[in-house]
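Notes to accompany the following structure.
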Amino acid sequence: MIETIATAESNRELAPGYRLLTLDLKEDVQVRAGQFAMLKPIASLEPLLRRALAVYRVHGPRRLSFLYQVLGRGTEALARVEKGGAVEALLPLGNSWPDAIRDNQRLTVVAGGIGSASVFMVCEELARSRANAQLLFGTRSEPTAVGCGLEDFRALGLPLTLTTDDGSLGEKGFVTGPLERQLRQGGRPGLTIYACGPWVMMRQVAKIAAQFEVPCLVSLEAPMGCGFGVCVGCVVAVKTSGPPEYGSYKRVCTDGSIFPAETIRWEVNPMAH
Amino acid sequence: MIETIATAESNRELAPGYRLLTLDLKEDVQVRAGQFAMLKPIASLEPLLRRALAVYRVHGPRRLSFLYQVLGRGTEALARVEKGGAVEALLPLGNSWPDAIRDNQRLTVVAGGIGSASVFMVCEELARSRANAQLLFGTRSEPTAVGCGLEDFRALGLPLTLTTDDGSLGEKGFVTGPLERQLRQGGRPGLTIYACGPWVMMRQVAKIAAQFEVPCLVSLEAPMGCGFGVCVGCVVAVKTSGPPEYGSYKRVCTDGSIFPAETIRWEVNPMAH
Amino acid sequence: MADPTNHDPRLAVEIAGVRFNNPVIGASGTFGYGLEFADLIDLNRLGGFATKGLSARPLPGNPPPRIVETHGGMLNAIGLQNIGARAFIHEKLPLLALWDTRVIANVFGYSDDDYIEAITILNDGEGIAAYELNISCPNVKEGGIVIGNSPDAAARLTEKAKRASIRPLIVKLSPNVTDIAQLARAIVEAGADCLSLINTIVGMSIDVNTRQPRLSYGTGGLSGPAIRPIAVRMVHEVARAVDVPLIGIGGIASAPDALEFIIAGATAIQIGTANYYDPTVSMKVIDGLSAHCESHRIATIKSLIGSLK
Amino acid sequence: MADPTNHDPRLAVEIAGVRFNNPVIGASGTFGYGLEFADLIDLNRLGGFATKGLSARPLPGNPPPRIVETHGGMLNAIGLQNIGARAFIHEKLPLLALWDTRVIANVFGYSDDDYIEAITILNDGEGIAAYELNISCPNVKEGGIVIGNSPDAAARLTEKAKRASIRPLIVKLSPNVTDIAQLARAIVEAGADCLSLINTIVGMSIDVNTRQPRLSYGTGGLSGPAIRPIAVRMVHEVARAVDVPLIGIGGIASAPDALEFIIAGATAIQIGTANYYDPTVSMKVIDGLSAHCESHRIATIKSLIGSLK
């Protein structure tokens, strides 16, 4: 984990409301697939808190890029950063997707919306190692798919199934549709699911995985105060035996952001509704 | 007075810490010499309050420029505005320098530091009308003089006396030196003094003017909440007969910023110390 | 000019029998005597405004510096410089009569008698919709205590003021208290028709180079977006404690800000500091409230008052 | 590791017999158990830090969402999730012993007995410099009242805690009161060795689309630069009311911010929220204080304490 001031190599719009920020660092960093960073434009006072963004791609030990959706004032502030602009960065943070290629296990990666940013590196590994894997990629519409990095994912050559809520690209409907269909068709032994997307989607994926008894990991999201474990503001409710205790809540930033789906108490986390 | 969103035509540094901001307006404005505007970059949330800047030059009914010193967070925010950037502007505000050329009265304009910004337009009038006038121009050093618009003032061709605190340009010392010398040498009948600069300088100018019984107008400065008379935060103590009453304080923004020097209670206004 | 304005009927609210075309009111001390805004906004579109605090006699106010900006807000210690109740009646009210907006006279005094005297003078004024009793100005302590911080003192003054007043009485609450609900109850039991809250929170800023306070008065009242969460919480607490209408105040600078207060329990809201850095903010908030009613299919904003789930 | 650090002697201060290499302390709840910062800053350079509130037994805390950002600050309702006093002694203190910085154990309970129990457990811990009694957490009301808002309840608890404690006792004041000087006097008379202030101010934020509070707990504590002027004012008021050393807290994010509190009367300061958005802020503040001593030719920062003109 390093605290540094990075320089924006570029910060371009991929689609309306979706941008790709590439940062140059002063020191080398080792980033594992699924880790994230806390970012904000230098000395920006409003908002005060940095925002969590997954490391989308590693171009070299000192060049990383971030794929993000412009939602509110924090991401708007990032969107205003120009080439050469300085960005405060704390990274890399959080755990990572387990190396997927041990004991020729099969993998289905489910990306929902901008959740794609968190799984690109794992997809890269899978493609590189010619692993037995596929990607289910769901977004609201075709432009959103482009904003969520569709071209980059296509270039990897992994088996790819596309869905859009409005049917403007690929199958119409939610990404959980094809997932459930495939699992029903069998081939579940040795399969693992990695999923990142909106809470509602991940809750659904977790439900399906449980139903078909397939191990599933999810990368969760929560508003973050610090990103390195001290504010205890980013928690999610996890399963524990008996009454609420210290272990009833886990921090997304340091205990996660990746959790086994079955450990999450989906019904009580308001974000999942 | 109009409330508008202007576009920055340029915003360049004249000298370290001194900049010239040129704005294009959507509507015509009539600006009189000595008036000011309340400005801030659009939607900037920190700082919240706009900053008061004198209108330095009028290039046309819809193009004005402002000469400013980068002091703190407000002027720093303005300094970050790039060409084409949007600036919230309320203008023109305040009273103005009385038309100086009635009944061939003579005029000495005293500019101290960035106070020069408030007197450039009046100097323009004086030069245009070949009035019997001169300019005393004092700054900290030569670079500061350049930052305070020296070249523009030189181009007017008015009789010009320069002073710098460090002697790097013109006479070494305060601008009040030559002023006092000249008045002592006589030629006071029909003379009026217009002064703008730091409080301490204006207080000194007022003292000298009183001593030699020469009418003097000063353009004062105060931290401003609104600029249009509603917060009553920008007041200065003025002379009134008897105990403190409603009239004991006047608003720099709407009762000024230009006041007859003898009406100001220099000794009680903390800014003058 | 008579009202040529098309008001959005969904935004109309009523407080103590006074109808406001919309719930957006200019806050006292930030709206002058209203006329200062005539060139900036269409006063006919404004729900109403509260005048700068009016005292029986004109007041000089505090020496400068009176204001200093802080992070997300500002401190002020104006000291209630005002032209006095009589001058307001003769110089301002006749001009204000040209517009169709509700004029709330904000009333201030150093003692109960001062307040009563000011109200008695203002009773003769034409076109005042209501009085707002400013018992919570932190910048004019006399004898050290602020009437508005003591439920007993506040209730006593409210009772006298209510008796003296020929108009609806709004009492403006101080946020500088341990239990604002208790304060509110005491004031409502004493006869207040409406409560407005919050006034500024006492703060201080120091120039570390001169080691002097940045305000001549020493302390000042904190206002602006910085205090909004505190104000929303207090409106919510008071809404559960009393059953008179409330006017929410504190850091409002947009329609969503205003809606937070309404949902927390306010019937109307006042915009203060935001008028300084965005003189047309009140019009933007009114338009934003209409847009919210549109997008959320709300027939009347009254249905949102205290609708917190 | 033994202390390899060259400390600026001008910055050393002492509180109740405890020497701090400099007046910069990490605030409770924003500094974890200290160890989280070991990779980010040189803990040996830090004056000290206060642990997350420790209770006799571990606590789960409140359900999410627990935090929401506001203008110039944030609201939190963590609900004091913590590993408990025993785990702190066994899992954290041994590791903290590797650094030369003052460890302040922030203590919390729901009842007087809870507090005393936690202190009794912590008394066995090695390397704790002092206790900070958190009687002012707004996010864990039991039976509705916050001990820290009542001078009597606060004094009663302080007395018991002082008796139970083998270490200097710092009591952390609630800002949610009418008269913080009165509260301070009561607590000092009850035996507190030092007062720290302020804790967070109760606030609320509402999602106007769902019409629900943004925090699961409903209300939360406001912190950050937004509250600094209120905190500076309260430190100044308390400094004039009591003669024990004070630790100033509230929105500090730079050396000038810290100096405002010291000049107002604080012997040391705590940095809270700023650690989240600028993890190395404490080092920057220490360097800034040295620079200030340099440029103002100050031999010891102690000479600035309460030096307001």
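For reference, chains read A, B, C and D in written order, and residue numbers begin at 1 within each chain.
Going forward, a contact is a pair of C-beta atoms (placed from the backbone, for glycine too) under 8 Å apart; a residue touches a chain by one contact, two chains touch by 3 or more.
Values in this document were obtained by computation on a predicted structure and should not be read as measured data.
Chemist: Please identify which chain has its centre, taken as the mean of its CA atoms, farthest from the centre of subunit D.
Modeler: B
Chemist: Measure off the straight-line distance from the CA centroid of subunit B to the CA centroid of subunit C, and report it in whole Å.
Modeler: Their C-alpha centroids are separated by 35 Å.
Chemist: Let me have the rounded angstrom distance from the C-alpha centre of subunit A over to the C-alpha centre of subunit B, please.
Modeler: The answer is 55 Å.
Chemist: Nearest whole angstrom, what separates the Cα centre of subunit A from the Cα centre of subunit C?
Modeler: Going by mean C-alpha positions, subunit A sits 47 Å from subunit C.
Chemist: Residues of subunit B touching 2+ other chains?
Modeler: Residues 45-46 of subunit B touch two or more partner chains.
Chemist: Which positions in subunit D touch two or more other chains at once?
Modeler: Counting only residues that touch two or more other chains, subunit D contributes 71-73, 224-225.
Chemist: Counting only chain pairs that touch, give me the topology of the graph as line, ring, star, complete or other.
Modeler: The chain contacts form a single closed ring, each chain touching exactly two others.
Chemist: Let me know each pair of chains that touch one another.
Modeler: Touching chain pairs, listed by label, are A-B, A-D, B-C, C-D.
Chemist: Touching residues of subunit C toward subunit B in the complex: what are they?
Modeler: 29-32, 36-37, 39-40, 52, 58-61, 63-69, 71-74, 76, 78, 81-84, 216, 224-225, 273, 275-280
Chemist: Of all residues in subunit C, which touch subunit D in the complex?
Modeler: 70-73, 75, 149, 176-178, 201-206, 208-213, 219-220, 222, 224-230, 232-233, 236, 251, 256, 259-260, 263-264, 292, 296, 304, 307-309
Chemist: Mind pulling up the subunit A residues that touch subunit B in the complex?
Modeler: Those in contact with subunit B are residues 45-46.
Chemist: Subunit D touches which residues of subunit A in the complex?
Modeler: Within the complex, subunit A contacts subunit D at residues 1, 3, 40, 45-50, 88, 90, 222-223, 225-226, 228-237, 244-249, 268-271.
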